[in-house]
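I have placed the structure first, in the form of structure tokens, so that the comments after it can refer back to it.
Chains here go by letter, A, B and C, matching the order in which they are written, and residues are numbered from 1 within each.
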Amino acid sequence: MASYSLSGIVERLGGTVIGDAGTVISQVATLERAAPGTISFLANERYLGQLKSTRAAAVILGESFSAVVDLPRIIAGNPYAYFARVSALLNPQPALAAGRHPSAVIDRSAKVAASACIGPGAVIEGGAQIGENVLVGAGCYIGRDAVIGERSRLYAHVTVYHGCIIGPDALIHAGVVIGADGFGIAMEQGQDGGHWLKVPQIGAVRIGRDVEIGANTTIDRGAIEDTVIGDGVKLDNQIQIAHNVEIGAHTAIAACVGIAGSSKVGAYCRIGGASGIAGHLSITDHVEISAHTLVTKSITEPGAYTGAYPFGPNREWRRNAAGLRRLGDLNDRVRALEKSLAEALAVKTKGK
Amino acid sequence: MASYSLSGIVERLGGTVIGDAGTVISQVATLERAAPGTISFLANERYLGQLKSTRAAAVILGESFSAVVDLPRIIAGNPYAYFARVSALLNPQPALAAGRHPSAVIDRSAKVAASACIGPGAVIEGGAQIGENVLVGAGCYIGRDAVIGERSRLYAHVTVYHGCIIGPDALIHAGVVIGADGFGIAMEQGQDGGHWLKVPQIGAVRIGRDVEIGANTTIDRGAIEDTVIGDGVKLDNQIQIAHNVEIGAHTAIAACVGIAGSSKVGAYCRIGGASGIAGHLSITDHVEISAHTLVTKSITEPGAYTGAYPFGPNREWRRNAAGLRRLGDLNDRVRALEKSLAEALAVKTKGK
Amino acid sequence: MASYSLSGIVERLGGTVIGDAGTVISQVATLERAAPGTISFLANERYLGQLKSTRAAAVILGESFSAVVDLPRIIAGNPYAYFARVSALLNPQPALAAGRHPSAVIDRSAKVAASACIGPGAVIEGGAQIGENVLVGAGCYIGRDAVIGERSRLYAHVTVYHGCIIGPDALIHAGVVIGADGFGIAMEQGQDGGHWLKVPQIGAVRIGRDVEIGANTTIDRGAIEDTVIGDGVKLDNQIQIAHNVEIGAHTAIAACVGIAGSSKVGAYCRIGGASGIAGHLSITDHVEISAHTLVTKSITEPGAYTGAYPFGPNREWRRNAAGLRRLGDLNDRVRALEKSLAEALAVKTKGK
């Protein structure tokens, strides 16, 4: 395992050391459970107590906390981002073993870079292009004419349908499905009472550079044009992105979110877990959506938006939910009260 | 790529041409981004502006819009369904290459039609039956005694557990799991504080004809009897259908919906994204459920049902959600006001 | 197929027979659709009508119902748990065929018990340990140094990332992904407007004994320390468990639930379908969460908690949801009314 002195770390990553710059670090840790030889960080005031009792060999702090402990420490403008860089330094990705596993099934017309690693049982169809230093994990399926950009890593059991394009430096986790058909159906009435006709989904999926996609997430191909995921987008697990959605650059989406067809999400948005965006909407840049919120109208102003039901003990919920079912009536009753009272007061005034 | 004149299209699909019937069409397009040689459609008045400026070579219109443009056009009763048929004409499914990939693992007692295409790494267990012109995609797993009806296409990594039956003309996308155990557990108290006993799930899944199932959707096998999906049902991605659910014919379900055990959904229902249906309920035919709605009671009347929290800017939500937590109290206060005012007015009347 | 007399059953499982103890049973059934030779059960008074008309050869009943039918019957303290045991007796899991399929790819440094069954196309990486009588299903991927405890069964296409540990007697359904990276990202501002840095996820997943995991469920590896699933936990399909979550023993979680990072759920909790738990919360033991509820605060008291929007016909919802958007205002109006009325009454009193 790699190890670095604090001075070695700041040489590589910037920041300044306070205390013994020769302190050697071999792993990252949480403040609470740090072992000797580890470095931790404080990004949230809430954990100040843990900072004071940590057994870490060193910590990463923002300037405003530089004096709260005596431990060897690195002062950085953004301690959490700095911590991410230190952890990447101490935990480098294992090098790829270039080559094709003999059990992989690769069409002759596919172009596979010599530096790529094609895992056991992977299937690569005709016309597909696999870039330099790509990992195609065990059992992945890469469809006809699909393109995987250089240095991208696909873990086990990823499916990329025909014609889909994944940019460089992607990280795609197990079970992801890219480019399955969008949900395009047209009801055709008939003597049978009607049935659904399939609308062929002839677009594809285009994914920018430096995108991470979590396990079992699905991104559907476009109906006519493409579904588009911008550069630097980060998608958590079990997200569903429908046909012709466009996600702007550097937007981060938490797990279990569903985005319906043809909606456009701006750049630098943050979408909370299990929230949803209805179809054909447009969300501007820098919008934050809370967890479990259903967005039903376009959003033109940056800011935070919420629509989750406030939870509580079941007996309180029963009472309030019953009130909610009669809220229109309650409103009418208040209006009637206002009118009655105003009339009564008017009569009284007149009476004076 | 196939191409057809407008007259060639109406010969095959019906409808009537206005304008140059010899106009040749080689692909479908959206109104907004149509290239020369394409045909587009108008199904929603909202896009009339795009219709007037489209570069499409021809368009498909309903009768009421037949005169709004000079473009060559096909007039059809249901322009969207007509468009679906035109797209299918121009984008036929690639023909299956019959045969078994040498890396497929097929039990000797499985019956696989000679016209079927069994992809690389697919596994077909003993007693399974694979019909004529079926595609079993790369890495699919077909369990013991499962049946796949003729012309059905299973894309990569589909899992069909033992004994499940899929009708003809199914389209099943990557990562779908059919026939995993339902969530049947019984709490057994004991000196250990209690533990869950598994209830064996001995039913299967039966799927009708012409069913589409989206990527990573799961349909559990029945506890005792079968889980049943009717003819013509269309399921989007990441849907969860629990044991012993029954879905009526031609019902369409959007992504991320969960339907709990033993519930019955009628025919021709439309279930919005990420909505849920609690267990042991019955939903009649022609019911429409909005996105993010939890159905907690049976529905006996056709119509539209909704239960999503209306979203808004976070600061407004805070104020209204706080009110919601006190809604029972507010109701009591209004009742008290009504009583006080009535008493005050009564006193005044008496006093007159 | 196995068959037992009622006396044979109670010998093995306890309970007492009333009626003909020689009645032979070969399968379980529902009360409603029981065929001759089957045994059914009553666990819910609601089905008393079905009990009286059932064609089952015998039934399992609680003591309070022991006299309501004349059928041969077994009286048991917990009829549903007893039924689970009878079904397991009549439907034993098929025996494993020990051995490695020739198409499996097993690293030389992996330790695979001779009694284990390794399915076609399975991949087992270096240093992994596969215990006695384990099933590694078709196409499973077991990462470097992962451990699968004895008697655990992994169905098709399960992915276990490197270093994850699964206890004995697990049942893991198709498409499950254990140990993918948690969603750890840090925003780093820059001249490019900012981008996300990946925080390496160096923890793993540890799963206790006797855990069941439903199809396509995902459990992420820890960011620094491990994600932990306790003994006897039961997870339904399509659940998302984020990094560093801890689930207490014997907790049962229904389908489509999402639990955000670092939250701790106690023992013997029951979490309803599609509900969510926000990050960094703590839920005590014996908590029941209703379906579609978002838990946004820690819960320190056992009990039932709810937060779903009450659904209804769309036109009623429109009216009530509109009221909800003005609920803060309504509260202000009621306060104003209370004040006005109090003043009016005070004036009147004074006036007297």
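Here are a few things to note about the model shown:
The definition used in the following text is that a residue touches a chain if its C-beta (ideal position, glycine included) is under 8 Å from a C-beta of that chain, and two chains touch if they have at least 3 such contacts.
Quantities reported herein were computed from a predicted structural model and do not represent experimental measurements.
For the touching copies subunit A and subunit C, the fraction of interface residue numbers used by both falls below half; the interface is of the different-residue type. In the CA-based superposition of subunit A onto subunit B, the rotation angle is 120 degrees, rounded to steps of 5.
Inter-chain centre distance (subunit A to subunit C, centres taken as mean C-alpha positions): 24 Å.
Touching two or more other chains at once are residues 103, 121, 139, 157, 175, 216, 238, 256, 274, 308-310, 312, 322, 324, 326-327, 330, 334, 337, 341, 344 of subunit B. Within the complex formed with subunit C, the subunit B residues making contact are 103, 105, 121, 123, 139, 141, 157, 159, 161, 175, 177, 180-181, 183-189, 193-200, 202, 216, 218, 220, 224-225, 238, 240, 242, 256, 258, 260, 274, 276, 278, 288, 290, 293-296, 303-310, 312, 316, 319-320, 322-324, 326-327, 330, 333-334, 337, 340-341, 344. Residues 27-30, 33, 78, 80-81, 83-85, 87-88, 91, 101, 103, 119-121, 137-139, 155-157, 171, 173-175, 210, 212, 214-216, 232, 234, 236-238, 250, 252, 254-256, 267-268, 273-274, 291-292, 308-314, 317-318, 321-322, 324-328, 330-331, 334, 337-338, 341, 344-345, 348 of subunit A are the ones touching subunit C in the complex.
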